[in-house]
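Below are the structure tokens for one structure; questions will follow.
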Amino acid sequence: MSSSDPMKRRDFLTLTGVGACAAAAAGAGLVTLDFLSPKVLFEPPTRFVAGTPLDFPEGTVRFNREQRAYVIGTSGGVYALTAVCTHLGCITRYLSDENVIACPCHGSRFDVEGNVVHGPAPRPLPWIEVKQDTAGNLVVDTAAVIPAGTVLRV
Amino acid sequence: MSGLPPIAVVESNDPLETPRRVALVHPDIRPAVRRSEERMVMTFPHLIVREIILFQVVTIALSIAALLFDAPLQGIANTTETPNPAKAPWYFLGLQELLHYFPPVVAGVLLPGLVVIALVVIPYARVNLTAGPLWTGRGPRALLGVAAAILAVAAFAAVFDCWPVVVPTLAVGAAMLAARGGERGGGTRRAFARVTLPEWIMTWFVIVASVLTIIGTFFRGPGWSFVWPWTTFRTW
Amino acid sequence: MRTPTVAALSGWLRDTSVYRSIVRHGVEDTNLNRSLVVLENLFLHVHPVKVREKTLRLGHTFWLGGITLACTGILFATGILLMFYYHPSVPQAYQDMKELQFVVDNGLFLRNLHRWGAHLMVFAAFAHMLRVFYHRAYRPPRQFNWVVGVVLLLATLGLSYTGYLLPWDQLAFWGVSVGTNMVRAAPWIGEPFRFLLLGGHVVSENALLRFYVLHCVVLPVTLILLVSVHIWRVRKDGGVQGPPEDVP
Amino acid sequence: MRARHVFAITSLVFLGVLAISPAKNALRPYRSLQQQFRKLGATRAHSLKEALRYEGQSVAIRQIWLPRLDGRVDRCATCHLGAADPVMAQAPEPFRLHPATAHTPSEFDRFGCTSCHGGQGPATSLEEAHGIAEDAGPPMLPREQIEAGCGRCHSGETVDEAPVLSRGRAVMTRFGCYACHLVRGHEDFRSEAPPLTTIALKTGAAWLRQWLKNPKTVDPNTTMPSFDLTDAEIDELSHALFGRTPPQELAAAVAAAEREGPGDPAAGKKIFSEARCISCHTVEGKGHGTAPELSKVATAATRGWLLAFVRDPHAFNPRTRMPQYGFSPSESRDVVAYLEDELRDFDAPKDILLPLRVNRTLAEKGEKAFRARGCFACHAGTGATVAERFGPDLNGVGDKKARSLDFGKREDLPRTTPAWLGAKLANPRSFAQGLKMPSFDLPPDDVRAVVTALLALGAQPAPEAYRSAERQPPGVIPGGELGRLFDRYRCLSCHQIGDRGGDISTAPLTHEGSKVRREWLTSYLLVSYSIRPIIEERMPIFRMSRADAELLAGAITSFYVDPAIPQDPFAGHPDSDRDIGEGERLYTSLGCRACHIVGAAGGYYGPPLTDTQSRLQPGWVFAWLKGPQKWRADVRCPDYGLTDTDALRLTAYLETLKAPAETVARGKS
């Protein structure tokens, strides 16, 4: 870059300036995206202790309101279903008289294994993981979806 | 009023050279309207690039300050523990300092109210538009009047023991009186002599406000007592 | 030094119909095109096409209005980002300040920038006012713009003061308590005004919410409107005015 | 063109400056620590799978959120990554496994970290989290005072596993801190200090002067602090105290006692020893030391007052811990004769017990000083309740920021709350002139313990769910006639019942009814003897009536019963569990002999077992053997982890041991 070529030097300076500004703007954009993504969450834990296997004899359906899940005892063991309707996310409730899980919003109905019996719900209720901890308590994790039919033998 | 100065009407039809401008001039106001022979430059890039630079410099300066000094954050608000002293933000500390001396109605309402009103009416007060240097063409009666006004303000402040007002008032007053006949004097006096009355008043106001703000910010400790800036004290 | 690739790329870009639909003028190498940059841009058209060279000098205005405006820009940007992590409630507001520092990436930096920017803005606005006074730039036809400026100064103080409460720390709480108690001294209107301002008789969560709304909505909108008027007037009155002998 | 240069430069600077904060953010220490931890975990892992798990951990802030514990957020685990990870035992800090305590490492999810350690849980840098940074909140508890953390939830007087905290609380109660300072849970505290209405009957001006000058030099056992009074103040206070009118019946009692004839010092000495006065008092330093030193008692009080006081101490001070003995008039004369004869300061000036001629003006000033100095807080008259505490409220003192404390002249102290509290206790008035708190002259260990107890005082009580249910059941004291007896003999001055009572006796009465046999208790109350000869503090012989003794024994054995202790431990067990021979073999092989006496041989540390059959109930013996620490946390008797069968056999053997009188009788025949 020589002074004999002022045109080129002007271009270089402009390019440097505009380039730095563009880089700063792009960087600021990325940093802003990083800024906006939360680093900690205050959400209730997805794992909860449902009780001991003795609390779930065959035919028990227990609804955990806080965790939005059903823990169900069968002859083979214990399993859990999410209580969030697969249609539009309303919270279903268990009707013991009819032994169905019904959604109050649009009338979807599921059997206690989560299969759609009736109504607009597109999918069965997902099964969620039940494990036993070292003390023998049943620990349910609403975030862990497992294949339907996976019953914890107890 | 007689002897209006001749008004020069600027007339140019070349828009690239001079934007067309119409000035409606009230006879009393007499802005000096001259024919402009100034060099003009293109807004883009000359002004725009400077504006960008200005923005960058401000950002850089603030960023450096933000990197070096963390914004203050004390303990969570506690309605039962008043910090001692409890200070307002810095731009209100002049007022808070005044409240230390004057009754609330004077310091909290009257004075700030007067200041705001005074600021608003500045461009509408004839004195601000026409005033020449303070002493030019004024006799001893003006001298007496000015001296009396200075002493009155100082005495009013002194009644309330408000020395941060008294001292700057007397100092500015002394400079005002010294400016009389300063046209023939040395550099400083000559500069003083050119100052108009509104400028004297504004200067006085700025000095008083600064002194009060600085005292309130740096020299006030527990119970609004006088402390040195380097003294450490318990904050509550 | 512009490499042929860059030149080619830039040339190609300028040729695309999309670019041409946005920017209607050519390369800024003629005075006509340079004029069009200003004229055809919403944000730049407050400027005249040409300005007096003298006004570009530092000593002319010390760029004080520009500094104030730059602060405003920075404060808007940082303020909007900070709002994403702020809840105007007790004690969450204070905890949010801590969270900004402890877990939000660059949170403390943004808060610092906002805080110091606010101080600089108040200071620059004061200085700008003094500069205009000593340069007698309030004289006709600029009287009303001076008044707008005074109102802008008050709005700036109001923004700074309402923002002062938002961290909900001891400094904020007592600073605002002391400040609003000064208002009480005003006869007749003092007490009702304070009651309206705080939404109660003491600084409480109501006051926090009111200050938040004032700080984030009412005062910024006022500021934008008045700044527009202020700058538009400057343009209409022939650009910035420097020292008194420099009447254009 | 210059503007272009400037533009290029400022643009580059602009870019550079704006990049600093994100760069700083990317280099935050916790990120590199987490990377170090990954590597460390991978090298320490026991299996490849585990190593991969460590390697795969993401760099992120880790937090424990406890909505039910004040919404506490603890991010300590962001750096202290191995606190709950057994693989990290003995790893370098900050990754080391947390030492095992009652709550860790199993209950981090319930308690977090800051609930015990203090400091700033939400912070993610060392300076902020540990509270070292300038504007940070209260710092972490120093390790010395770590038990203060226990005290936030455990509000009981004694907290197992927190000896320093328990000691601090005991010292605070003994020295009556709560008389001047409001502390949650001690709102009803009343000092044991005597109401000062009978000074004129008790002592002389010269003695009072000495006492007020510095009580500790007169009686090293006193809990009264030194107020650094000026001579003028001492004078005024003396006039005030001598100017008070004593209650009429006490004045009459003292005057009548003064006129009584002399007693027999030799007989008095014997009674003095039987009454076990030094279980509480000391004589020349020998004794327990929670009641006044008696070696110069006759120089401190007139004969008439001593006599009247020994006969009915509760009339003089309703809150004294001294029991009322059942001395006959002549026995009490003998005791006081012994005191007069031997326990006096033979060098004391003759006029030390001469009363003061009261000057009304000085007395009025003295009454003012009495209020101004806060004397009334402890020496409140009988009926008066303390409306407002003399000293500052101590609730929340543990949350105080050092910045809010006035260090005054103490430039030497570190600017921390524990240091300030320690200095305040050790030397209360060293901070500034004219401070009110008197000097208690505590030994350094007690100061440390009290600071721990103080730091446990949070501004807010722990949330309901976290407040500890103390293991001790509440101490229930019966009312009526029985309550009157408990009060008269001041059982609670030495014995614990539930969470109440003194710690002089090693035998709490909480389960006494399940422990001893009723007949034995009656005879023991009438003529007590030393069960554990190694212990100085022994049960006094109260000279109580047989009726009183039977009533007390009956009440205790039927009232203070633990349903968990079986009446008959052998019920439902095979007869082979009564194998006495096997029990005796166990007794020998376990080494019980080292501490206990059976027959003629054995150690002195534990109580002799010679009279087990007549003294202890078999259910208690069995329950004790199954786990002594369950009944007294600090007992040295080892828990052998005996099976039911072994414990029963040992019980069966011990139950064969007969009272010494019978043994002696058998030996003679």
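When the chains are written out, they are named A, B, C and D in that same order, and each has its own residue count from 1.
Rule of thumb we're sticking to: a residue touches a chain if its C-beta (ideal position, glycine included) is under 8 Å from a C-beta of that chain, and two chains touch if they have at least 3 such contacts.
These numbers were taken from a predicted model, which means no experiment stands behind them.
When every chain is represented by the mean of its C-alpha atoms, the one lying closest to the mean of all protein C-alpha atoms is D. For the criterion of most C-beta pairs in contact, the winning chain pair is B-C. In this assembly, the C-alpha centroid of chain C lies 63 Å from the C-alpha centroid of chain D. The distance from the centre of chain B to the centre of chain D, each centre being the mean of the chain's C-alpha atoms, comes to 68 Å. Between chain A and chain B the centroid-to-centroid distance comes to 61 Å (mean Cα coordinates, whole Å).
In terms of their C-alpha centroids, the spacing between chain A and chain C amounts to 42 Å. Chain A has residues 21, 31, 34, 39-40 in contact with two or more other chains.
Shown for chain C are the residues in touch with two or more other chains, namely 98-99, 101, 103, 105-106, 109.
Touching two or more other chains at once are residues 4, 7, 10-11, 14, 18, 21-22, 24, 61, 75 of chain D. By the touch rule above, chain D contacts chain B in their complex via residues 3-4, 6-7, 10-11, 13-14, 17-18, 20-21, 24, 135, 137, 401, 403-406.
Interface residues of chain D facing chain C in the complex, by the touch rule stated above, are 21-22, 24-25, 61, 75, 122-125, 128. Within the complex formed with chain C, the residues of chain B that make contact are 16, 19, 21, 23-24, 26, 29, 31-34, 36, 38-48, 50-51, 54-55, 58-59, 61-63, 65-67, 69-79, 81-83, 86-92, 95-96, 99, 103-105, 107-109, 116, 119-120, 122-124, 128-129, 198-199, 202, 206, 236.
Residues of chain A that touch chain D in their complex: 10, 13-14, 16-21, 23-24, 27-28, 31, 34, 39-40, 42. Interface of chain C with chain B (complex): residues 28, 31, 34-35, 37-38, 44, 47-54, 56, 63, 66-67, 70-71, 73-74, 90-91, 94, 97-98, 101, 108-109, 111-117, 119-120, 122, 129-130, 133-134, 136, 138-144, 146-147, 150, 154, 157, 160-161, 164, 167-179, 182-187, 190, 202, 238, 247-248.
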